[in-house]
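In what comes next, chain A is part of two complexes: it sits with chain B in the first one and with chain C in the second one.
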Partner chain A sequence: MSQRARMVVFGAGVLGFAAVLVWGLGGLPDFGDFAGRYGQYLAQHSLPERHATSSIAVTTFDFRGADTLVEEFILFTAAVGVVALLRVERASEEVPAEPEARRRPTARSGALRSLITAVVAPTLVLGINIVLHGHLTPGGGFQGGVILMTALFLVYLGGSHLAIGRVSPMAAMEASEGVGAAGFALIGLAGLVIAGAYLENFLPFGGRNHLVSGGDIPLLNIAVGLEVMGALLIVVAEFLDQRLLMREGKL
Partner chain B sequence: MSFLPYAVAAWLFVIGLYGIVTSRNLVHLVVCLSVVQSSTYVLLLAVGYRTGGTAPIYADISPSKEVVDPIVATLTLTDVVVEATVVALLLALAVQAHRRFGTLDPNEMGALRG
Partner chain C sequence: MTAVQIAALVAVALGGTAVVMAREPARQALVASVYGFALAILFLSFQAPDVALSQIVVGAVALPAMIVFALRKIIRREEVDRGEQ
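Our next item is the complex of A and B:
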């Protein structure tokens, strides 16, 4: 289809879409007048019933915990999907599935290295802080997990690699992803066994506005943080491997 | 200006769609798709807003204070995660397409394989 014909079709479609959209938006409550009772109910009951101050975290991990379980597994599946798409295809054509000199220092700039060395530890602490305070203030496992992933990725960008004993960084990240995903499901299962319903809280709620409060919400946040960090690093590492193999002329 | 947030959501949706239709590069197309999806964040958060309401975080406000809807915030979080996964998978597919066709231009791909 020519560019022009495409624009004509697009224009007609957009006009129709705009008409339906204006009609639909006209039926919404005015901005600021939302009267949904369910959200207000959850907001008002999160502090008295769960002792956690962030009603968004309570909604995410407690009142609507099953949604979040599925959401976490969407991310898990996506990471597996990216690995399958990139690595499996590479391996099938007599190309190594992984570059030989993995995680070889890429940067040789001293300034970059010093800067990154200075930034990594604060970023790591910030990420852990966001994960652990997820039930009290804005943040949580998803947000903190992304920051943790950034911290570890900075180490790579700075031209070093993480040595975790004899375990390769990728294996550690795969373990982190797996432990995070399984952890969420198992905490839910513990709720089923101990409290009688899947993802039902089975821990004491603790003092209001304390770091240890909200029942199992902090544990779920940690599980999600591990899962998000692992999944995103795996995705980024797969794209980097692809690039490295291309640069080595093997693709 | 009570319609402005809805107008922003509609605009983001349409301009992203325009980018997808006219895109000459698969990576650009994926970014345009994320623009389309960001319109849903604006729409969700706009729907849940209450005039004078603050964030539903009770760490430093009184429990009787009016707050915005926490459910739309939760849904937006889900939305962001879904977008991240969609973008990751689509970029992986773009890498595959580039290997197969030697180009990232969707128009030329059609010409090559009919």
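Our next item is the complex of A and C:
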């Protein structure tokens, strides 16, 4: 196809796309004027029916729990895929980790190391707080799980490979990922056995606005938090060749 | 629309363009982190704190970190290929 013909095809495509886009945007409701009935239903029913104040958590972990189960397994599968690829590559090509001479603390400035050491514990507490209050306030297992991962990863940034191996051992992280993913699926199964449907909420709903409320939603949040933290730390550790270093007895 | 929402929309538009304009991958990862943060403020200003929180942890932290790790790995392999152990 000549340059000219290609431009004609491209131009026709762009004009057609722009026309349909403008037409579609013209038919949207006015700004801030959306009145979806599903949203109103959820906002009205989540608190009376589940006693949990975050209607988003009630929707994602209860009314639409199976959807979240699949989403959780997307991350699980992605982490397993990264681990498999990197380990196969390492076994066949033997690209060595950082040479001994160049391995040094990631943060060489004393002030930076002190600062990072100081924020590790608060970050950890923030992550736990967000996971545990997922059914009451914005946040939840996913967001809290990434924050927990950040807290442990700060140890690597502030120190060296040495400390991260001790703080988040590979085996524990793999267990955390597995227990989290399986925990979600098993809580769903418990709903099937006790309440009659998969992921049906089978625990007492508790008092409104209490830490223990919303039935099994807090448990599901904890499971997701463990899974997300474990999965991300495994991926990070694989990228940093932590396992290779450990096998050589250097950690 | 409030002033914060307009400012956030403009910041996201500029940020997205900046990510495309930054051609060097390592720098692009950092620009993407700033863009992710602008996106989080946009979500927050449109009253979606849950999505904003996810956006901060994923868009501003996890995604740029993964890009930087992948780049580090590629650079390390090129060093090995050139025979620098």
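By definition in this document, the second predicted complex is superposed on the first by the 198 of 251 C-alpha atoms of A that agree within 3 Å, B and C clash if a C-alpha of one lies under 4 Å from a C-alpha of the other, contacts with A are read in each partner's own complex, and residues count from 1 in each chain.
The criterion applied here is as follows: a contact is a pair of C-beta atoms (placed from the backbone, for glycine too) under 8 Å apart; a residue touches a chain by one contact, two chains touch by 3 or more.
Just so you know, these numbers come straight off a predicted model, no measurement behind them.
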Touched partner set for A:T150, first chain B, second chain C, both or neither: second
For A:A78, decide between first (touching chain B), second (touching chain C), both and neither. first
Who does A:R64 touch here: chain B (first), chain C (second), both, or neither? first
Taking the superposition as given, does A:F239 touch the first partner, chain B, the second, chain C, both, or neither? both
Quick one: chain B or chain C, who's touching more of chain A? B
Is A:F142 in contact with chain B, with chain C, with both, or with neither (first, second, both, neither)? both
Taking the contacts chain A makes with chain B in one complex and with chain C in the other, which residues are shared? 31-32, 54, 56, 138, 142, 232, 235, 239
Which bits of chain A are touching chain C when the two form their complex? 31-32, 54, 56, 95-96, 98-99, 130, 138-140, 142-143, 146-147, 149-150, 153, 232, 235-236, 239-240
Sort out for me which residues of chain C touch chain A in the complex. 1, 49-50, 52-54, 57-58, 61-62, 65-66, 69-70, 72-73, 76-77, 80, 85
Sort out for me which residues of chain A touch chain B in the complex. 3, 6-7, 10, 14, 17-18, 21-22, 25, 28-34, 36, 38-40, 42-44, 46-48, 53-56, 58-60, 64, 67-68, 71, 74-75, 77-79, 81-82, 85-86, 89, 136-138, 142, 209, 232, 235, 238-239, 242, 251
Quick check: in the complex, which residue numbers of chain B touch chain A? 2-6, 10, 13-14, 17-18, 21-22, 46-52, 55-59, 63, 67-74, 77-78, 80-82, 84-86, 88-89, 91-93, 95-96, 99
